[in-house]
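Shared between the two complexes below is chain A, which has chain B as its partner in the first and chain C in the second.
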Partner chain A sequence: MTAVTEAPAWPARTGASRAAAPLSLLRLLRIELRRNSMPWLLPLIAVLFWFDSYRPSASVPPLYVLRTFWNLGQGHTIIDFGPFVAGVAAWMGSRDGRRRTADLVTGTAWPRWTAQLATWAATAIWAVGAYLVFVGVMFAVYATEHVQGQPPWWWVAVGAAAVAAFSAAGFAVGAYWPSRFAAPLAAFGGFLAMVMSSQTGFHDTSGWALILPTNSNGNLQPDSGMLYPYLPDLPIARVMLLAGLAIAFLGLTGLPRAAGGLRLRQIAAAVTVTGMAAAGTGIGLVTTARLSPHGIVIPALHDAASDRLSSYTPVCGQAAGRPVCVNPAYRSDLADVTTALAPLLAEVSGLPGAPVRAEQIPAVYDSADGQAGQAMTITGQPPVLGLPLGALGVRGAFGWTSAEVDGQLRLLAAHAFVGGGAGTGTLAQQAVEAALLEGAGVPFASQPSLRTTVGLPSWARPATGNTGGHRHGPPAAAGPVYAAARRLAALPAASRGAWLTTHLAALRAGQLTLAQLP
Partner chain B sequence: MNIELDDLTRRFGKTYAVAGVTMEAGPGVFGLLGPNGAGKTSLLRMMATVLPPTSGRLQLLGRDPGSYGPRREIRRRLGYLPQNLGYYPGFTVVEFVEYFALLKDMPPGQVPRAVARAVEQVGLGDKARAKLRTLSGGMLRRAGIAQAIVNDPELLLLDEPTAGLDPEQRVSFRAMLRGLGEHATVVVSTHLVEDVGAACSQVSLMDAGKIVFHGTPAELVARGEGSGAAGDAPLERGYSAALAAAR
Partner chain C sequence: MTAAVQDPAAGAAPAPVARGRRSVLRLARLYSASRRIPVALALLAALGLLLWSALNWRWSIAGGPAAQDFISLTVEAGAASVIAVSTHGPFGEVERATGRWLPYLRAGAAVALTAIAFGALAAAATGGSLPGGSLALLRNLAGLAGLGLLGAAALGGAFGWTGPLAYLLVTEVALSGHPTTPWIWAARPPHDLGGALCAAGVLVAGVVAVTVFGTRDSGRRPAPE
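So, the complex of A and B:
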C-alpha cells in the first residue's frame, strides 16, 4: 500500500463533516421533494377522497362520530390513499434501477440506503402530508356544517401511519424489483390488501382481526367524543402495527450488499427486527382486547382516565312542562326530543314514578343490539328519565322520518315507565305500554310497524309477536295483549289514571297478569 | 500512486471480463483503449468501487476499497462517469449535479459554488435550470461529466466521455481533461484514439480482459510505424498493430 502523496481535495471525514450531514440530508430531501412523483397523483386521490370518503359521510347527521365512522372508522380514507401511495412509492423505489443510476448512486460516499431513505422520506412526506391536509379540509368542511362532538384524532393518526406503511411497503417492492411493473404491482397489492382487510374486518369482532385498519367493529361508540372520549387503546395498537410495518419495510431496503457497509446492514437488520417486533406486539395486544361500553379496551394500554365521562353544560328544553336536557352536541335534536316526549310525559303526568325531568345519559355499546337505540331508564327520587340517545338514536341516522323518531322515543320512554327493563316485559306491561303509546299519539295500528324499524333494542321486536322484519308485513295489532291494551285505553282518563295509580307498583314488579287489567 | 492494480480479475460466470490486470497510475490523464468487450468498463467499474473484483489486489488513493471505511473515503474523492449514464429526467442540470455532490459528502456550504463551477466547466451554464429530459445526448453527457467533476476528484473515471459530443465540445473537453490531470488521476476509457492522442500522457490497450500494451501515446504510435497495420492516423495504426501483436 502506497501512501497518498498529494493533498486530498476534500479533508478526511471529521466530526465537523459528520455534523454537516443533517444539512446535506435536508438539501437532498429538498431536491427529492421537488422532483417526487407523488404530487402528480394527488389530484386523482383528491377526487377519490371526495367521492368515497367525504360525500357518503355528508348524508348522515352532523355528529363527528357518525360522519367519521365511514371514512375513518371503516378506513375509507386509507383505502383511497393506500394503493396509490404504494404504487408511487414503488415507482420511486425502483427509480435507480429504471433510470440506470444504481452505479452512480452506489459509487458515492453516502451509503445507498441513505439516499434511498431520502427518496422514500420525500414520498412519505407528500403522501402523509396530503392525507393530513385532505382530512383537515374535510374536518373544516364539517365545521362549516356545524358538525358536533370531538374529531377522532387517534383515528387520523392511524390513517397517517397506514399511509406511511403503504409508502414504505411500496418503496421496498420497487427497491427489490426495480422494474416499471413494480408500481402497478404494488398498487394492486395495496388494493388487494385493503379489500381483504375490509372483508375480514366486517366479520371479525374480536381477536387479531381487530388490528386491521378497516375493521370498524367496536371502534366508534354511540356517544364517543361527546359524552365520553374515544378510547385510544385500539388506535395505539394499530399505530404500533402500521409504524412497525413501515420501519420493517424500510429496514429491508437496507439489507442488500449494495445498500452500504456491513455495519449499516447490521443496523438495517436491527431496524427490520425492531419494526417486526413492534408490529407483532400490536397484533399481540389486540388479542387481549375486550369490548367495554365505551369501546375497545386493551388492558396493557388502557388508561383509566379514558373511562371518565366528559363534563359538559347541558342544553335544555321543555316537554309537557318538564325540563329535557341533552349534551350540547345534540342541541339540534333537542326540539325533536322534546316534541317526541311531550305527549308521553303528559300521558303519565301525575302517576307514581312519573319522571320530573329527562336527562341525556351515555349510550353504550351492547353486543346483542349492536349500536342500536338503547333502553331508557327511570331512576332516582324524584324520578328522572335517562335518555341514552346515542348518535344512532337521532333523526337521520338510519334515514328515519320525524314520525319514526317520535314513535321510537315514546316507545322507549313508555317501556321504561312500565318497568319493562332490558327485556320484553310481562304481557301486562306490554299491554299498558301499548295503551300509553296510544294515548301519546302512537295508534295501536302503527305500533307493530314502529317496532320493526331498524335501530330499536332487540326487546322491542318480539314484544308483540312480530317477526322483526323491517317494514315487511308487520303483524296486525291483534291478540290478547292488544285486546287488553284497547280495553285500558278505552277507559275514561280519570278511571285509567286511578287504576294505574293503584297498580303501577305491582305492574313494574311483574306481579300483574293480563287478566288483571281492567 | 493513486491506482494500484495487481493481478486483478473479474469473472461473470465462466467469462473473465478482466483477466489479471496489473497496473499503476499517478496523477495525469490515463487512456484506456480497447475493442468492444475488452473489459474496459468492468475495469472502470471496479475502480469506481461499484463492482467488487473476483480476485487480485486493488488499491485506490492508497486505500483498500474492500473495507467500508476506506471505500467511503475513496468515494468522497472519486468522480465517475459510467458508459451508460443514467439520469433522472425530471431533475434540472443543477439539481442533478447538486444531488451527486451531496451524495459525495461534499461540505454542504461549498456545494452551490462547486455545482455552478462544474456546470460552467462543461458549458451548460445556460441550461442550468433546464430539465434533463429536454437536453440532447451531448448535453446529457456533459451533465454527467459535471456530476463526475463536481467534487474536484482526486481520481476521475470517465467511460466513453466524448460519446455524443460535437468536435468543438470534444476539443474543449480534452483541454479540461489536461487541466484536471495536473492534480488528479484521470482514467479515460474510449474507442476514440484521437482523444488519447490529444489528452493522455499514458495509455493502456486492453484486449480480452488483459492489458496488451502500456506506454505513452508516442510509444503506441511507434508500434504502428512500418507495421502495415490498418488505420487512418498514426495512433490508429499503432492501436491496430498492438492488438494484432497480442492476438
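So, the complex of A and C:
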C-alpha cells in the first residue's frame, strides 16, 4: 500500500529513457544510410568529376589559385555533383508516395516529417561526404604535382553547401510529386539552373549575381593564397544563401497536413521562413560588395585582418648582376624571369633610376583590365623594380611561347623605366621604350605583334589608326615613333647612354617631344 | 440454320483471333499503365512545347558552340530521360514469371516512345530554326535515348536519366574544345556518317539491353531502392 502511494503518476525519466530518442533517431539514420541510392551513382559522378573538374585544371600552371579557378571558382565541381544529387534526393523524397506507404508511416512513433528528414539527412551525408572526399583526393593529387599556394578552403565549403542545397531541393520535389519522373525533373532542372547561372556569372561583375557559386568574377585570382589570403566575405554570403535555401526546402516538406501535427507544421513554417531570411540576407549582403585590391569585400562581413599581406622568405636569383626575388610559390618561374629581365637590366645599367634589384609585388584585383597584365613599377631609393608576377605572363598559361613571355616582361620593365606609368606614355617615352627593347633583344619588327599578345595591359596594344590592325594583323613598326626609336638605337652605345643620362628626368616627367630625340 | 451458325448467340465465347487481339491490346494497355506511359507522353508533349517556345522566342545563351546548341540539346536529353525512366517496372520478379511477351513489350515501348519523342520535337522545331535541323535532332535523340536505355539496364529504370545527363555534361565540356571524335555526335555536322553510326549503335545497344536483360530493377539483379 505504501509502495503504491509513493509511486509517481508517471514513470520517472531515467537517463536511459532520455537517451532512447536520439538513439532511435540515430538507428533510423543508420538504416537510411544503408538503404540510400546515392552510393550507386558515386562511380559515375567520380568519372564526371575527373573529366570535368580535374582534367581541365591539370594543364594550368601549378598554382592553387589557377588550378581551382575552373573547378571551384566557376563551380564545375558543383555542376558535376548537384544535378545528380538533386535527382537521387527526389527519388528518395518520393519513396513514401510512390509506395503508397504514407498512411502506414503516419502511424509510427516518429512524425512523418522527422522520418523524412532522416531520409534526406542520409542522402545529404552521402552526397556531401562524397563531395569532400573527391575534392580532397583532387587536392592530394595536386600536392603530388607540387601545386603551390594555399587551397581555397572557403570555396570548398561553398561547394559542400551547394550540394546540400541541391539535395534539399530535390528532396522537396520528390516529396511533393511522388512520381518516377520527379528524379529527372529535379536533375535536369538543377542542371539547367547551374548552366544559366554560369552564363550570368561570366559577364556580371557586380550586384546580386556575385552570389552565384558559378561566378568567378572578383575571386580566385592571383595572388590570393600566396601573397595575401583569400578573402572569405563572398564565400560566407554564398554559404548563407545555399544553407538558407536548403533549410527553406526542408521546411517546405513539413508543411503538408500529413507531415505531422499542427505544432510540428508551425515549426516547419518557421524553419521555411528562417531559411528564406538567411538566403535573402546573403543576397542583400552581396549587393553591398565592392572590389578591393585583394578581392571582393562585403563591409558587414569583412575582417580587416584578412587584408594583411602574407609573410614569406623570398627566393632570389640574379639578372645582369642584380638580385631578382620572388615568392616561393613562384620558384619554378624564377629562372625564366631572370632570363627575361637580364638583357633589359643590362641595357639600362648605369643610367639614372636604373633598378638595383627586382622584387615581386602583389598583383591586385582589377576589373578594368580583367586583372591581367598589370604594369611594373620602379619605386624607392635605391630604385627597385616591382614585378606583379601574378598578373603577368607565366609560362604555360594561354599557350604563350617563352619568347612571348620574355618579350612581355621586357616590354613592361622598359615601360616602367621610361616612366610610362599605367598608360601609353608620351610619344617620346614610346620611342625610347622601343629603342630599349631593340637593345634588349626584341627587334622593332616584332614589337607591334608582341603588343597584341594576350596578358598585356590594354595600353600596351598598338594604336591601329586607319590600318585596321586587328583585322589585318598588327600594324607595321613604322611611323614617327619608330623612326625616332630607330635613330636612337642607331647611335653608338656611349652616345645613347650619355643622351639618356642627360634627358631621362625630362623624359619621365613627360617634357620631351619626339623632335627633341637625337 | 446457316444464319445461326454465322451469327453466334450472345454470350458465346469470341473467336480465338479476336480474343487473342483483345488480350494483346489489354496486355499492352496494362503494360503502358505500369510504366506510366501516359505521363511520359504528357511530359514529351511538354518538352516539345518547351522547345517550340525556345525556338519561337529565340531563347539563347551567349557563348560558343556549346552554348548555341545547349537548349535544344537539353530538351533532347530530357526527352531521352523520360523514355529511359518509363522502363522502370514496379513488379520485378513477379512480372518476369508471367509470360513470354515482356521482352516484346519492353522493346515496343522503347521504340514507340523514341519515335513519338522525335515526332513531338520535330513538330516543335517548326517554331524556329533548330541547330542542325531534323537530321541532327534524330541523331542526337537516338543516341541519347540509347544511353538512357543502357543506363536503365545498368542502374535500374528509375535511374535511366543518369545516362543522358552524364552525356550532356560531357558534351558541354567537350564542345568547348572542338572535339573530333564521332562519339561526341552532337558536335558533328548533321550529315556526318560517323556521328550517325555511333548514335544509332548506342540506340540499338540500349534497346537490345532493355529487351533482353530488362532494367536492373526487373528482379534479376539488386537495384537502388
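One rule holds in what follows: the second predicted complex is superposed on the first by the 486 of 518 C-alpha atoms of A that agree within 3 Å, B and C clash if a C-alpha of one lies under 4 Å from a C-alpha of the other, contacts with A are read in each partner's own complex, and residues count from 1 in each chain.
The working rule: a contact is a pair of C-beta atoms (placed from the backbone, for glycine too) under 8 Å apart; a residue touches a chain by one contact, two chains touch by 3 or more.
Owing to the predicted nature of the structure, the values given are computational and were not obtained by experimental measurement.
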* **chain C versus chain B, contacts on chain A by residue** => B
* To do: Using the touch definition from the top, say if A:Thr288 reaches chain B (first), chain C (second), both or neither.
  => neither
* To do: Quick one: classify A:Leu23 as touching chain B (first), chain C (second), both or neither.
  => first
* In the overlay, answer first, second, both or neither for which of chain B and chain C A:Thr108 touches. => first
* To do: Using the superposition on chain A described above, determine whether A:Gln199 touches chain B (first), chain C (second), both, or neither.
  => second
* **First, second, both or neither for A:Arg35, with chain B first and chain C second** => both
* Which partner does A:Ser59 contact after superposing on A: first (chain B), second (chain C), both, neither? -> neither
* Asked: Is A:Phe191 contacted by the first partner chain B, the second partner chain C, both or neither?
  -> second
* **Touched partner set for A:Phe84, first chain B, second chain C, both or neither** => second
* Asked: Do any residues of chain A touch both chain B and chain C, and if so, which are they?
  -> 35, 95
* **Partner chain A, residues of chain B touching it in the complex** => 1-2, 4, 27, 45, 48-50, 59, 61-64, 68-69, 71-73, 75-78, 80, 82, 84-91, 95, 98-100, 102-109, 111, 147, 151-154, 183-184
* Structure fact -> So, in the complex, the side of chain C touching chain A is made of residues 36, 39-40, 43, 61-63, 67, 70, 74, 77-78, 81-82, 85-86, 88, 155, 157-159, 161-162, 165-166, 168-170, 172-173, 224-225
* Inside the complex, what are the residues of chain A that reach chain C? -> 35, 37, 40-41, 44, 48, 51-52, 56, 79-80, 83-84, 87, 91, 95, 179-181, 183-184, 187-188, 191-192, 195-196, 199, 202-203
* Where on chain A is chain B touching in the complex? -> 1-4, 6, 8-10, 12-13, 17, 20-21, 23-24, 27-28, 31, 34-35, 95-96, 99-110, 115, 260-264
